[in-house]
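Lettered A, B and C in written order, each chain numbered from 1.
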């Protein structure tokens, strides 16, 4: 059990757990729309699902500022990330390499995050969108690199207009943010290359 | 002052990290890989580390493999298509020593295939990862040596210079005379160097079910092709892209559809052609395919006859 | 059944044995010790420390021993080891004004506070063999000389003297005095700032920088340099541990610093003043520091609004090609098998030749008819 004042543990075996988690995230972004599962047995802090916490533990460090909404920033999630990753936590989206947002929350919009610039499109944010569920919602059809033909996803608990934001982000290609939808120990990658439309 | 490091004792195994790289370096490379996957064909700059193998000898591919490999992986390393070329042996030994890697020569058993200059003949499968060693990641470098300029050309998708160069080739020789590292257009956006694979292998990249990662250590760039990504070799309507073909089959296994290496057999013009992909050739011979020069090859010590 | 003959692994292992044998040479001759190299090949060690980017005399000596004296191979060993070392932090900036001087010369003033200190230099040796060194007899360090008089405590740096007069370009840190860039950890982009350029040159190949510096002097670059000062000696390295909050003396290192004074015409907005070329290197390594300071000044052309027409003025050219470990790797990788690509070229050239011969034969076949 997690007590309020203690920072929960991170990876017990950082080398191999982060390697396995990285391959999961790599598979997710290489094959957009597939539901991938993280297996690292960590107890995430309040406010982060296991998939989000594992992804950040694997990828974030002092070189990658993270944006968190205020509630997470001031709670155990902020303390946990600062302790385990040594990251700077930002209160504004600009300049964030990673961000965690609540899919149902109205703000901040995806457009607030760094889309990179034309000579360095890699300098864009990766936004982790925590969802209510990754299945059972409105069905969306994906196409683009990493997808043979098309693929459907149906996450739940996303704010109205979210898919229009995702489509607008894809319009910026080769600029744009890359998204990871997460819930529990599962995640779906949606890089900027993915074209998205409502399933007919 | 006493700033000297304690030298490791002779009997002490140096405390190197798993897969050599430290965790912070792996994180940095992993982040670069994810952005590379998100922008297919775009060269992501990364903080390439000094490696214990020489620059130009695969340090980019080695760093990529080191950042992705884990205990569940099976690694195949090839150079010129073959598992037993000296640098392939050296790199395979590196991962056996530093990452306790399980290795294989069988293309279909490998989860990670690190390569220099070839794509295996056996079709790649979903779930496999190709890691290419790249000497010159910038396809425009021979046309424009300045990085500050080529970066702008990619930013603005200004590839006219490349088209002009290819067309000048055609005007002079009647065809594009680039035979390896033949430039490709990725996902309709970035012109990319496929690394010095023969253009014979270019079509294998297009819509491949495998993930393809490229590491250039000396030039400090990483790029990627996600599975099922459009990879089109640059050409013209009136001069479509063509790959190499040979007039004769492999002398050892009789294959007619593989990339062949030429082996000089004497100083009187004698030569034979054999599959560059050594595993492909062996697999075919095991299945009973026999080339016309198999017996002669035994005399040349290219192969050995195993008596039951 | 036939299997492929695989000799790669055995052949590689055999090369390891052969190189060990070659390194040792004739076993009737005593083996060199690392201490002997450290003490008696100090200039070679300095070069290896510079190009290996690691100040450690013992390791530099070991690298030279293991590499049979090949400076680039030795630097490569140092770099491959250095990259695995954990980082505890960055030291405080060193202060060369506080250097314990062994050698200090200025070409711009006949005399100056602290005086000219020649110190150990080959400059005025006649390059005549000292055949006495052929003997292995106990080599004492030459005749005893009367003890030198103590040096002045104050040795102001020459550019500081010019600076006090307002004639020298001031060295001001960039806005906010950020931590210097580390090109061993982050990829470089262009145009490169001065911290990146100086770091690249400090670990760059001495021969390459020497050639570039020379090219500037000969006219491939517009600078007219004077050696304001070269100083060699020991400098303290201080470090502030996070938990202590005050600086701790880590010891001292030997450094060579060269500051070149260059003309500058001035511009509409700036009064004419001298400009600086700066070189700093580990150990006693004057040629390296001087070359570096020539090229540093040449690379400042952008800041001064000068044309950048020559190799020494192009930051991309200098930075990408001065690293000898990278350059050696890529040049030497041509030894690796390339027969797949070469086969592609062979196939092409044979086909073009064949098609050309066929075309010529056709043309010759038709020509006589045309003549009839």
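Structure notes:
Rule of thumb we're sticking to: contacts are C-beta pairs under 8 Å (C-beta built on N, C-alpha and C of every residue); 3 or more make two chains touch, one makes a residue touch a chain.
Owing to the predicted nature of the structure, the values given are computational and were not obtained by experimental measurement.
Geometrically, the chain at the heart of the complex, using CA-atom means, is B. The greatest centre-to-centre distance from chain A, using averaged C-alpha positions, is reached by C. One inter-chain figure worth recording: chain A and chain C are separated by 44 Å, centre to centre, where each centre is the mean of the chain's CA atoms.
Spacing of chain A relative to chain B, judged by their CA centroids, is 31 angstrom. Of all residues in chain B, those that touch two or more other chains are 17, 45, 151. Residues 14-16, 18-20, 22-23, 25-26, 29-31, 58-61, 63-64, 97, 118-122, 124, 126, 144-148, 173-174, 178, 191-193 of chain A are the ones that touch chain B when the two sit in their complex. Remark: chain B residues 17-18, 23-24, 26-28, 30-40, 42, 44-45, 67-72, 151-152, 154-156, 187, 189-190, 207, 209, 211, 225-230 touch chain A in the complex.
Here chain C touches chain B in the complex through residues 1-9, 11-12, 55-59, 62, 76, 79-80, 82-86, 184-191, 237, 250-253, 316, 320, 325-326, 328-333, 336-341, 343-348, 352, 355, going by the rule given at the top. Residues 1-5, 7, 16-17, 20, 22, 45-52, 54-57, 59, 79-81, 83-90, 93, 116-118, 135, 146-148, 151, 173-174, 177, 179-181, 196-200, 218, 220-221, 244, 246, 252, 259-262, 276, 278, 281-282, 285-286, 294, 297-298, 301-306, 308 of chain B are the ones that touch chain C when the two sit in their complex.
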